[in-house]
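Two complexes follow with chain A in common, the first pairing it with chain B and the second with chain C.
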Partner chain A sequence: MNTKNLEKSVKSRGIVAFAANTETTDYVSIAKQTLTVASKILKLPYTILEPTTSDFNQRYDIDTGKFVQWNNFNRYSVYELSPYDETLVIDADYLILDKNLNSIFETPWDYLLQRNSHALTQEWPNTMGPNSLPFVWATVFAFRKTHRAKLFFDLVKRIQNNYGYYHSLFNIRERNYRNDYAFAMADYILNGYCINTQSIPGSMLTIDQKIKAITVNGAKVIIKDEDKSYVVPKTNMHIMSKAYLQSDDFKNFVDII
Partner chain B sequence: MTDTNQLVEEIRLATNFQTNKKILREKIQTDLHMTHNGGLFKITPELIAFVKTWPIDEIYLEDTYQNPVKIDRQTFLDTAQQHYQQVMNRWHNEYEELRKIRKI
Partner chain C sequence: MNHKEQQGFLTIAANTPEVDYLELAYLQALNIKATQQIKSFAVIVDPATNQQIQEHHKQAFDYIIETPASITGPYGLEVQAFWLTPFKETVKLESDLLFTRSIDHWWTAFRLRDIVLSTGCQNYLQQPSASRRYRKLFDDNNLPDVYNGLMYFRYSKTSADFFRKAAEIFNNWNTVQSTLLNCRDDHPTTDVVYALTAEIIGREFCTIPSMDFINFVHMKPAINGYPESARFQDMYVTEFDRGMIRINNVNQYHPVHYHEKDFPTKEMYDYFRSMAGVC
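Now for the complex of A and B:
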């Protein structure tokens, strides 16, 4: 086999997000908008994937203060479903506003997770439980179609299917299944039961409160909630307010970007 | 919007200077990363000073992923200095804008 030629061959690269509508949230519409922005900023094609199961989990909705439906199962199937050799996977509510994620593809790895996050109004815990693993965020991650990446997603599948066992084994605080936890556990096991240091560079900004409006002013983004305004740089952000992501204000924001 | 409402809105904006400053710093810490020869490096004054003073042109540097990466000293130095200057200038400009908003 001429490996030299293989190394030089052009690999396909793109962005994918899973989206399945629920009773309360139009995830497909949200994903279309966030992926449109991501595609424009990173100059990469995108694909919306349907979850391979119709089972629903629950998530806490910050807009209503209630638990609502959410299909976050079977994220491991992204390895099989992604049409790209190199894939950036984002949640539908992850907004890409800078080009930093392009540079991660210039370094060697099989999969790359987001390990650090900071929020506008609160401090996140560092670990997934009092005596558990450090947090990992499945909101944004990348992988290449390699044997090691396949092992990682196979492990995530095993953890999801036996979540009660792994939840107890790793002293996870919450009982609800989260991909963040499954990814952290799979990563830890695959790394020889050691903490992995490879990470998407930097810390992910999470907008963790109800949002009234987001506007762009030059290099600044102004985020208004019910009480205050925040001026942040044009940076990637995880927007937890699904009500805002379905609003006309967000549609206008996407048009301006 | 009336003048009073505008003023109230601007004062609210001003109260969050510390949060705004913190978020801007986080973004700059991310932007300081640079890829070179398949390695990922966070460009710091210490790294620039080390590379500048090292007497041999071919060196191995540990990158953010804890891998040793072979670099050409001068090429790396030029790129790193340029990257650092660019990011720090942007930080200064954006920080000054935040300070102006605070003075309202």
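Now for the complex of A and C:
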């Protein structure tokens, strides 16, 4: 009997998102929809993970102009919680519309972060403060279950647990805990206090305003807000309007995709 | 011309009431002995500074060369380096520059020219600086973007011509100044004089722009994006970690021209003294 194929280890690969409902936002429902789309586009299985803490942080809600609850703690636990050998982690509000993320698994890395992002209506600062270093976007990242990846997430845990110290060390302006910053700091330290240029390719498009509708027209996506329509390529996008992601229009959009 | 060795480092220490350049040169000598394979070190001093040399200095400096005080401004001793160096091949440094790793392999690149001026500089992120804040005079007069903080010269006709021409410019600064656009320097500065000299003898003979690593991290404010009124030590966390200089959590692998003369700490002296094997 030829046992070659049995001996060969086949790595599992999948998509993971954290979701915990808050007083204002049904993150689980949003994650189910965005992961459904992601799974269909990338042809990968998905898993929704529940945060390992019930503590809440705060985020600015662009729909209401108020600060609302958000559980963004303990993202480092994804290393232990993910059922896959190779994991693509996305925020519940990250909409995958192209297949590019499949190709990142063809290259060698232990973990891969998204370094660049641009928004539709504003220019982002790219550093953690006026005298700080560039940050990364924990909205989408990937990792393999390797020793170095474990070191990375252990370091993120250490930074979260000692955030006051690292906040000062890295000259961070915002007081609120951000995974974007914790991931960036862990990345600097793990890379021997050097700037790492390895990244998920391209710049992440962020839809940073209230949205009324999103429609797909061939290779283009039309995003309508209260005043204008924006035509962008059919690409992955980070949608900040949670109100839209909970709307019937988004449900219809997911059904069509 | 009395060469004693093939290769070595040279700096100039002429103390002022504000700055003890001799101590900076001493730290640099210890630093070079701790980080380089080619590590002979010579210092040019004026008579007043020579009076301040102590036994511990003598242990770190391989050569101490006394020369009369400058009569052409604070940087006047610079152009004498070619005639005073004890080395056939010299890397001349400003005294407020430290290495965190060996640049022994740079000597191979230096040998592509008789004289090599470093071109451009880097910020603490180890990226080429795009700031022109301190280089308006160079841009206005289309001068090469050279820095004398780190340069190489070999005993050669090209180098002799270079330093003779540079001395001429130093000695006739008032005339030269009037020919430059937007020049408000009452005293000649070495960077400008060497840029002018490079332009006269041909920048292709004394720079290697394609060797873009031949430069250093310059900690002046605009290059690193912090206010002119501040010191980088106040803006960023600076750490000294067993020979590594870390600025704002970025390890400095390139030579660091720290610029702020109070940057060196006792810890640095102690560490490099122990690593250099100097008492």
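In the analysis below, the second predicted complex is superposed on the first by the 249 of 257 C-alpha atoms of A that agree within 3 Å, B and C clash if a C-alpha of one lies under 4 Å from a C-alpha of the other, contacts with A are read in each partner's own complex, and residues count from 1 in each chain.
Note that in this section a residue touches a chain if its C-beta (ideal position, glycine included) is under 8 Å from a C-beta of that chain, and two chains touch if they have at least 3 such contacts.
Since we're looking at a predicted model, the values are computed, not measured.
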I'd like to know which partner A:256 touches here: chain B for first, chain C for second, both or neither.
neither
First (chain B), second (chain C), both or neither touched by A:118
first
Counting only touches as set out at the top, which of chain B and chain C does A:205 meet: first, second, both, neither?
first
Looking at chain A, does chain C or chain B touch more of its residues?
B
Shared contact residues on chain A for chain B and chain C?
none
Provide the residue numbers of chain C that touch chain A in the complex, in ascending order.
125-126, 225-226, 235-237, 246, 248-251, 253
Give every residue of chain A touching chain B within the complex, in rising order.
98, 100, 103-104, 106-109, 118, 120, 197-198, 201-203, 205, 219-220, 222, 227-233, 235
Along chain B, where are the residues that touch chain A in the complex?
9, 12-13, 15-16, 19-20, 22-24, 26-27, 29-31, 33-35, 38-40, 42, 63-66, 90, 94, 97-98, 101
For the complex, which residues does chain A have touching chain C?
131-133, 169-171, 185, 188-189, 192-195
